[in-house]
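Each of the next two complexes has chain A plus one other chain: chain B in the first, chain C in the second.
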Partner chain A sequence: MSLHPMYARPRDLEQASQLLASLSSGAVIIAGGQEIMPFINYGVMMPDVYVDIGGIKALKGVNVNDDEVSIGALTVHRDIQSTEDIVERLPLLAYAAQQIGGGWQVHNRGTIGGNIVSMHPLYDIAPALLALDADVELLSDKGLQRMSLLQLQNDSSHGLGSSSILTKILVKTMLPNVLWGYYKLKNSAGAYGSANAAAVIQMDGEKIKSIRIVIGAVSETSVVISKALDGYLGGAYTLEIGRAIEKVCIDAIDEPLSDQQGDGVWRKAMAGIAARRATEMALSNLTTSSIKR
Partner chain B sequence: MEDLLDTSALIQLRVDGEFHELDVLAGRTLLDVLRDDIGKKGTHLGCKTGHCGACTVMIDGKVAKSCITMAATLARAEITTIEGLLDEKGGLHPIQQSFWDEAGLQCGYCAPGIVLSALELVTDNHHPSAEDIELALAGSLCRCTGYQSIKRSVAEACVRMYPANENIN
Partner chain C sequence: MIEDKKESESYVGKSIRAKEARAPLIGKAKYTNDYTFSGQLYAHILRSPHAAAKINSVDVSGAKKVSGVHLAICGQDVFNHTNGITDHLNPAIFGGKSTRLPCMAVDEAWCYGQPVAIVVAEDERTARYAASRIQVDYTPLEPIIDVEKAVAKGARSVVPGWEDNTLIYVPFMNGDTQAAFDAASHVITTDVKIHRFSSQPMETRCYNAIWEHDTESITLYGTCQNPHPLRLVIAETLRMNENKIRIIASTIGGAFGLKMHGHPEEPLICLMAKLLGRPVKWVESREECLLIGAREQQHKVEMAFDSDGVMVGLRDNVLANIGAPSACPGWGMVFLTGLTMPGPYKVENIDVHMNAVTTNKPSWNAARGYGKESTAIALELAMDNAARQLGISPIDLRLKNFIAKDSFPYNSPTGLVYDSGDYSGVLLKALETIDYQGWKDKQAAALIEGRYLGIGVAFELTPEGGTIPGTMVAGYDSSTVRVGPDGTVRVLTGITSPGTHNATAMAQIAADELGVDIAKIEVLQGDTNASPYGFGNYSGRSTIVGGGSVALAAQDVRAKINAVAAALLEVEPDTLNLVSGVFSSSAKSDATLTFAEVCYASYTRAYDVAMCIDPPLEATRTFKPPGIRHTPDENGRINPYPSYSNAVYVVVCEVDTDTGKIDLLSLAAAHDCGKVINPILVEGQVCGAFAMGLGGALSEDIQYDANGVQLTKSFKDYVMLRMADIPPIGVAHHDCPNPDNYLGLKGAGEAGVGGSAAALVNAVNDALEPLGVLMHEMPLTPSRVWSAIQNANNGEGVN
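Then we have the complex of A and B:
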């Protein structure tokens, strides 16, 4: 904690990484600042050193290599919503980025990397990326390392540790026969979700071939539900199956959050509702065309 | 590595067309720099958490909440505040005039932010739908008007700025 914090603007990734390795745990990484500045303003966080990675070119840009989309950690939400390669290849992610609160002001500066490393349970990006089984690339003093976002989330609920930098997010292009839905239950337009759900469904004609649902904003970390839904594969979707999926998702929530977004018992129930509505949105077949830039 | 660290950072801002080179302390917000160092009092402090939008300014043509933007991170930037919208004679910008004419503000505390969000919208989109307007203004809270007159003001501004728009609404 410091009343006179220091500031550094490393030129490139190598310099940033060396700097972080040389500093104690009082250092924080800053780029858009949308996550960290409210805490600074209210004295909740008083870092010794700010390491500003906002100018590092290697962390910017969206690229496609074969069937994989690589998204630089500094890509802002506004670009996630509108970059052609993301809108066309990862429409679920583009749609989830539109659901982020705070308006254009926050979307213009908040970065996908900051959104992920904050590990905030109420945010919208993690459920979408987990539904797409995304990987992340990290740089630390041990070098570059690739791991699944799920592994990162489960390794620690406190982010990456102060010596690592999240450099990019890697996501496989969604196949044309994959349907998707995202439902955010919230009590006002710009509010955090009380229950968020992302659904990714693969169809074989009228029959459900695979289904993966991720519930956010209900527990400390997002909950991925896939194997528990195996019993509902192979048939067409009916309201009964929708209700059954709802129940599976409710049962998957062990320790629901109780906070300003609602009481735990209600949140657990709403996890099921959000999951069913995301599933129905996916099956309505309207999702790809409803993306609005 | 120590030589990278300093308690302050040099930034170069062009604020409403005027060049400023400033040495700012780490952790200070753009809002504080604009109001206290440069004297742009039209940029308002509301919540300091990024919820209310009263502090909205444009950074390189894109709206941002200056209370949650750390000034040091803007090595070089073009800033537009509400004061920058006036013309050379001090006359109101067409968006401001529409807000005046259509009662788009009452107390006016949120208005600078909302006007700048509207400016970003109409710069890229001369024919915004009602939904486009709502989306563009979603980052600002107004506790007086109920939003209807604000949305009407933005639509009216589009008609005035781009007269081919007679048919919107």
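Then we have the complex of A and C:
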């Protein structure tokens, strides 16, 4: 907590990593500032050192290597929504990014890295990435480390935001026969989501081959539901199966959030509704056209 | 006969774009926080984290050690320098309780967020940081948060020394209500719960106080609605003379009652400037702004009907959770909720009990509607409930019970005198505007598909221009009109604009009365050293009394100008014409003079041709609306309002029964505000009120936990509607001019929050009637609506 903070703007990842290793607690990493600046402005946070990673080129850009899309942590929401490689290869992610609130100001400043690092339960990026089984790459004084986003979400010792840097997000290109849906329930246009669901479904003709659903905004961290849905594979989708998926997803929520978005009983129920609606969206074959270019 | 510009050239009644709207739109308006002075210092207020606590000690030494800090003091020090804050409306005048209202807590904090200490420093960050170094030793007390707990026998008194927590109890009784209920065919009871929601102006409060060494006086740049009355409050609280205080209310970014005075920060920041001899600024955070409450009321409405569906009696018992005592006028909203019963309905027998109950929640301040919105919510939810129970359409039940068009002036059972109105006409116009039958058909078709559409209507009677005897809430106001030697016009008025652009309405009226181009008119408001004494804006009064006084003053000045023009042209004044800024005379075909030439002569030829007038071309006049009656009638009742605006709001919505989410499909309002001076300004008010009322009914909710700690701290939690939520709004005007006021004005700025909120609740209940759902507790959040549907599915029905 300092009245006269220091500001550092490392030129490259190596400098940034060395700097962070040399600093004690009280340093914050800042990029787009969408998470941190409101706290700074209201005096909730008074960091000693700001490490501004905004100038590091290695954290920018979207690249494709074979079938893997690499997204630099500094990529802003606006670019996630509209970059051709993401829209073509990861339409679910592009669509989820379009559901982010806050308007163009937030979309133009907020980064995918900041969105993940904040671990905010009501955000849209994590459910979409978890549905796509994404990996992340972290840099700390121990060097580069690759892990799944799911692993990161359940690991509290990653030091993100202060001692380690999220460098990129790595996602396998979605196969052409994969159907996807994303449903965000918001109380009103200006509200956070009160239940989000991402669905990724593989079909074998009329039959469901695999299904993976991720529920966000209902509990502290996003919940990945896959194995529990195995019983509904192999057949065609029916309303009964939809209701069954709804039930499975409700049961998957152990500790629902209860906040000003709504109470826990409702949130748990909405996990099911969002899951069913995301599934229905995936199966409606309307998804690709729903992305605003 | 003086012939001015043709009717088509007049400004009143036309949608003139507000000149003063440009600067806010392009981000260049100068709000209070945009003023910064040499030697500027900044204040930060440390607030109580407890809803109720003894304050054992406050140690400010840690703050004083921070470099850049000029002053750090606690409540006791401030207490020694000040009197209690002068009440905006002293409840004791009305038979209620009163207590000394300190600027900061001294021995005991009585709500979360109450100021406990203040730091003044070179910049805001330093002040805030230093405040975090202040050590306060509290002994928390059991807080009283719920109104039921506050009124329970043996409850601790929120204010030490009070025998109970009821700040004021006001009954409104008329006729023989018991007999009416005994004889009634039907009695319908509706429990209505209105939650705590208020208004959130985009511009939060800001005070910048300057100690003027030359005159040993204070200049306060402040976000305030009532600059002149605030002078008296600051003078009395700081033990100064009133003429030592100057208030400048700059451009205001929304007020809605929240910037009516009584806030502790007003005298507190002035005191800091006085103690330090330097300018001191304080800017309210959104979290602080969300401390200010309003409207939290529980009603038990009972309506008695005869066998024809005619209302024969009305009862209501109201508990209002007004929070901790405050010098702000918030508590008066409770009084007004009762006074406005039974709204537009013709029923003589009423028995209404209003209880304003003090708790350890933060205090109320005024909020748009000033209690009348709550009357509308309670009555209109109850009317729809009655219609449902009686099996009558809600439209027919209202039409059957409205006060008839030919009954005005109408004496209400609480003593009000309604000036004019055509309530049935307004309702029918609103239904026509929304295409009621068309939506009824769509509703029926949708239900077959398993979709739940609802149509709700609600009426709101909004008495405007109110005044309370013995208080600085006045019914009149004054304006000066000054025409310069070049023929340009300066209007100075005691009314202020909270962002409604009433200055444009003043300019329209002045332009028409003077016969000049509106571009030649400048209106100045809000500076107590420039404007005549006035009372600012509240109660939808500004255009009624501001407009009336501007018109009278302009007429006086115009008479002077006419006299000089006639003298110059050597004709009789009644032969003059003024067209497009040029005087001519029907008695002399070739001679003309420009308006500016006449004005110049009025200033420069005082000893010859302008002998006939007293220069300069200036007049100050007051408009006192004649409808107000403060002399009590035989029942001791007064009529504090000169005009009675009214409107009907219609909401069409669809409820997603899976989630409980409400989507708005169509909105309409028909409004009677008397003569419309500027349609776009009035329609702007109607649309704004709709957004506020719907936001309140759907999501805006200031929540506290069981210990009275504020949960709603930002717009992430206090979610207001956005453009994407609101469909286009159809607005229709249905004017019944006020017979007593200038141009028939009634006021347009305050109405609509209650009517639109009630219409929404009624629409949702209409949509869900096939499921047996009935809700009278706001807000209708998706989780609450969903729970009601679940309960109905489980056979529990009414919620």
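FYI, the second predicted complex is superposed on the first by the 288 of 293 C-alpha atoms of A that agree within 3 Å, B and C clash if a C-alpha of one lies under 4 Å from a C-alpha of the other, contacts with A are read in each partner's own complex, and residues count from 1 in each chain.
Methods note: a residue touches a chain if its C-beta (ideal position, glycine included) is under 8 Å from a C-beta of that chain, and two chains touch if they have at least 3 such contacts.
Keep in mind that this is a model prediction, so the values were computed, not measured.
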- Query: Touching A:Thr221, do we find chain B (first), chain C (second), both, or neither?
  - Reply: neither
- Message: Taking the superposition on A as described, I'd like to know which of chain B and chain C A:Ser210 touches: first, second, both or neither.
- Response: neither
- Query: With the two structures laid over each other on chain A, which partner does A:Ser82 touch: chain B (first), chain C (second), both, or neither?
  - Reply: neither
- Task: Go through the superposed model and pick first if A:Ala8 touches only chain B, second if only chain C, both, or neither.
- Result: first
- Message: Quick one: is A:Leu19 in contact with chain B, with chain C, with both, or with neither? Answer first, second, both or neither.
- Response: first
- Query: Touch check for A:Gly190: first (chain B), second (chain C), both, or neither?
  - Reply: both
- Task: Answer with first, second, both or neither: which of chain B and chain C does A:Tyr42 touch in the superposed model?
- Result: both
- Query: If you stack the two complexes on chain A, which partner ends up touching A:Val265: first (chain B), second (chain C), both, or neither?
  - Reply: second
- More chain A residues touched by chain B or by chain C? B
- Can you pull the chain A residues that chain B and chain C both touch? 38, 42, 189-190
- Query: In the complex formed with chain B, which residues of chain A make contact?
  - Reply: 4-10, 15, 18-19, 22-23, 30-31, 33-34, 37-38, 40-42, 49-50, 52, 54-55, 78, 102-109, 189-190, 292
- Query: Inside the complex, what are the residues of chain A that reach chain C?
  - Reply: 1, 3, 38, 42-43, 46, 185, 187-192, 194, 260, 262-263, 265-267, 269-270, 273
- Query: Which residues, counting only chain B, touch chain A once they are in their complex?
  - Reply: 1, 4-9, 26-27, 29, 48-51, 53, 56, 59, 62-65, 67-70, 72-73, 75, 113, 117, 120, 131, 135-140
- Query: Which of the residues in chain C come into contact with chain A in the complex?
  - Reply: 66, 125-126, 128-129, 132, 285, 287, 658-661, 698-699, 701, 703, 711-712, 714-717, 719-725, 781-783, 786-787
